[in-house]
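Presented sequentially are two complexes of subunit A, the first with subunit B as partner and the second with subunit C.
Now for the complex of A and B:
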């Protein structure tokens, strides 16, 4: 944490600022909550990375006769309705679950932050119009919004990301706008205006760095929601098309065998839940750390 | 038997940075009917003492020692017993009355609740008592007040309600934690009058906590001075103010601008350094690092609280030396040579400045959307290198004037000419050169610097924007700026949160000066700082003004400070000028009645100071609907009749550039104000 106090006189001046918006990972270890969350997420990321190398079966290898089998030595999590190995499908399916939600939320943060920054700082009619539009989007039940978007543009990885991003943007823009409304009245912003700084400088150098913490924590929670949403889309048959091992679709298909082999529905559901919980725990922990820092 | 007897109280807070030893070995007693003042800068442990008595300390705090309340140890008391004592026998009055009152209950509900919970009153009896108590705290029209909600009362009235609530059950001990700190001087003065009367009437013991020596001098019998968690001096009020024996007390008193001292005479005394962190206390005397009388012995051993006179304790090895005060006296620095007398040319001239805020009309256009006339027809001018002070209560439009001049708030009308530029335009239309000439220092040290920017970045930005130096000389220049505000290059890469309030404000001053402005607007730059730091920042402003030849527009509610620093003063009430002129003329009769009230409201750090009878009741009326005629007539103690309500007061000149806007002829005003004997006001 301690920075060197002395800089040599010929210190290069091109360095405008060190990256300030970063989670201090060393500090994450101080919060057990954050640590558990991070461990869960890390587990799935590792699974997604090494999965293709460790899975015992291909995702489409089906074993004749081994339909809806409970966990056994051969299939440690059992098999599905086509005799495919659930463990292999779950591990390979982790790939999309650790990439699509962050992509969707990343896109939403980009959109929502831009909208919120401008609306909050400009105010007036611009704020009115943009925020009312966001309210319209927010007024739709989320699942309905997904249905409309996916039905309109078709089910594919990109479209799922777009749908989730569109549905997530309004909430983020509201959050950012709220933060900006507070920050823009701070005296350091007045000082910047008195130097004749451009709006872009004020937004991105003076205001945004101070809003970054809450945006980051909120984004993390939203990655959890997005995972859940993508699971729900898969469950409704609107996720990635069939050969892909989609956790939501796996849970949905296993419904027909829920009495016979409850584990087939349980494991994909647990997998989705664990990511949601992981994101929430990490976000809570980070929030706690940020608070204790003040 | 003493009402409160605290014996060797220790309080530690467990935190991430280790254990903060917030209170160490504190002993004090308060007898019946006695008011004990606990004074010190922020972070010295005063409030922790109050919380320990009430047993309100947070979970991470550990306390040991004895707190005897009428002989029973509160530290051992059961929760049920404590509940009985709090409110019933021990009451507390906090700083912010708004936080003490429940916003959704009427005053009647809140007052009677105290009686109904703690004692077996019937509703009718409780109401009677509440009513009687409101009368005793001198509330006008108590029946009406009972039906009000807290937000319908002014800050001063709210604090009276809180005081009434505390006194309802006739407690034996009342703890008051900065009860007047958030109030305007005029309101503070009348609340202090009230407290002075009540403490005689009720014969209760009061523990009065304040950072303001002036308030302590007015209201207390005995005073304890706390520094970094220790009681460093304790004495009767008269003895303490007449002959302090601890260097910290001496320094605190010396930091205050004395009535009559001017910036041209001497620099203020200031305490170097800062309060040591309570997690990492130095060995020996805690004040040694900042003490002008420090000797090697001071850092070697811890001084004990020893008797230095009758009822007078001081925690200092060198109290005998303090009594003679040679070193402290030598610490007075002469003021730098004064600015050349102002020429005829004016740097800033403001004519009929108006700043109105549009009030939104009601839903669907119903209701009247009038203008809030924050600044309404204000004129003044400022010569190069001079200091203009603007004073007035909060809500008078002082800050709005500064924001209007700065272009941060749109100007509605009038003409502002500054260094040849038209400054009525909003900031976006001003040229970079015009912007460079006028910079601002803000009030709140916590929001004046961007928390995410290092000091280097904060200071390099204006250098770049105003093209002060080529980039390769930037660091050198920033270090120069830091040195000018008595900081050094070790601060370059620190973030604002690693700085104390005073240091942040110094950086803010350096930022304002970076572009080489001709005028710096200072909007209450020291009001959020501790006394010792205030003095240092004032000196700094004064020195820099000389060195860098800037003019200052200094806005403050603190008249002593304005009197010390300003060459010219403008007194503002409800967006209008009441009085303007050279400082000496403003602070001597004839005064405008409003100025007179402001001057007499200042609590002085001198127990023998005469208390003047001029008190303002009520608060500033709404600028959305200002009174007709003279705007001050609703509160004016010298109102002469209907003319004040119907006609705007004429500008009366005394000849030396001093103008008073009042209907009363100047010679009559002067006669009234000099003839009047100071009256002890209850």
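Now for the complex of A and C:
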């Protein structure tokens, strides 16, 4: 049973929905911030795609005697502790860094949106219990949560994605619930309810499309965070097992030689940072565009 | 007030209960055979059976959970499988070190971020604001270990003024002896948060300065300095202080990567090592300790915050 709606008698049954806040990708070119962010991300995607064809060395080719070398003509970014070419490893490592974070966030958005939609729309005890649980989960320090999960299920690409997705879900569900609470009392939702639409129709055709903009922009920022989390897992030795060239692991292995050759730790760290910066810039730019369109 | 505290204590206990169950379930139920997890695949079935017997892995789950949590509450954290030593003294020592680090970071964060935010907010759109805003964006975007690697490169490799290694002999911190070793890890943690808090302060300052009561004060002919210091700051700093209290969680349980990067013997690096070595009792004890501390400090922070902001009703 739907609650009776207290609306004036001449309330029109067809209400024009507010214009959806849609990201118009062509307008991205008008925001320099978004453009720079997109360019950085595109750079790494291209690197990941063409990387295997352009790298001068294999990821496990080691050169005897060339240990922890700073950048030179032969190795443009220098070498690591086993005499392996840093540039080649960095480029090949880009593959997992442009695929795993979006997968993890995609999964988290799916889970978080489902929880947030249901909790926000149904309200009542369901909302109360689920959201309290999400609050409790958010009290758990994220890195600790990753580590506990990875210890339990083991380190592999799929498991890293699962761990990051699980830890990211509470925050997303909180955001979506907030958006739903704001949207569910709008006229177009009331109109749909009066037309006798099903709950599923209202959730997916009326509410979700109008919440999609903020969820996407938030997701973009979270892809940056996920990149950094996966880097941190690698750094702590619980990322993808070797011989995968994992940026975080590369940085942590180079830690012991940091006083000798800081570049070996610096380049993989900066590579991770550039993806985080790229995501943040693109998200900032998109937010500005959405605001200027209103 | 009393009712507020009692209710908060209730939620606090509930939070700790739920999280303790979560820790227990993830570390002992998800891997179907904890003994296999600890000993590895090369171990003999006899060794695994013996360990299961010793650690009680073959008991029913509720009994195992009850045993673990009641011992934990009494301060008996069990024995580390890897080190063969009681966990509790180790955790206590590492925790002290971590708290020193968190406190040093806070000592940098609070004045610097509030000052930067206020200066940016008062100069909205002008060059100080632009410089601070770009700096904040960098600080927000750089992951903690990237920030740490940058600081080590600058201060240890290039300028050679600060040590890159913060390990302490005997794991006991002594400020007179180890003060210099605390600087880089604390600065790293601080830099990660400063940008975010400065941003919040800036927005809050801009909002307050645009409010009618400030215009009244200005039109009344009060000097700008008085308006800012006596009237604006009180309100503008409430939001950023609330944000700082939400970051305690990270300062206590999240400095794992920074501690690991600097070889600092804190609770975080203890936890990271336990995770690498599958030392389940140690993982559970250190995670639970961090959570108890986080929940308690959150309560204290909330009380302080409500004392500071009379508009928050304690109900």
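Quick note on the criterion: the second predicted complex is superposed on the first by the 271 of 294 C-alpha atoms of A that agree within 3 Å, B and C clash if a C-alpha of one lies under 4 Å from a C-alpha of the other, contacts with A are read in each partner's own complex, and residues count from 1 in each chain.
One rule holds in what follows: contacts are C-beta pairs under 8 Å (C-beta built on N, C-alpha and C of every residue); 3 or more make two chains touch, one makes a residue touch a chain.
Just so it is clear, the structure is predicted and the values come from calculations on it, not from any experiment.
Look at A:292: by the touch rule set out above, it reaches subunit B but stays clear of subunit C.
Using the contact criterion defined above for the overlaid structures, shared-chain residue A:139 touches subunit C, although it does not reach subunit B.
In the superposition on chain A, A:276 makes contact with subunit C only, not with subunit B.
Contact with subunit C, but none with subunit B, is seen for A:235 once the two complexes are overlaid on the shared chain.
In the superposition on chain A, A:127 makes contact with neither subunit B nor subunit C. In the superposed model, more residues of subunit A are touched by C than by the other of subunit B and subunit C. Overlap of the subunit B and subunit C interfaces on subunit A: none, as no residue is touched by both.
By the touch criterion given at the top, residues 3-7, 9, 11, 13, 16-17, 20, 186-188, 190-197, 206, 209-210, 292 of subunit A touch subunit B in their complex.
Against subunit C, in their complex, subunit A makes its touches with residues 133, 135-137, 139-144, 147-153, 224, 228, 231-232, 235-238, 248, 251-252, 255, 258-259, 262, 265-266, 269-270, 272-273, 276-277, 280, 284.
Residue ranges on subunit B touching subunit A, taken from their complex, read 16, 403, 406-408, 427, 430, 432, 435, 438-440, 442-444, 447-454, 457, 460-462, 465-466, 471-472, 474-476, 489-490, 492-494, 508, 511-512, 515. By the touch criterion stated above, subunit C contacts subunit A in their complex at residues 14-15, 18-19, 22-23, 26-27, 30-31, 37, 137-138, 140-146, 149-150, 152-153, 156-157, 164, 249-250, 252-254, 256-257, 260-261, 268, 271-272, 275-276, 278, 283, 287, 290-291, 294-295, 298.
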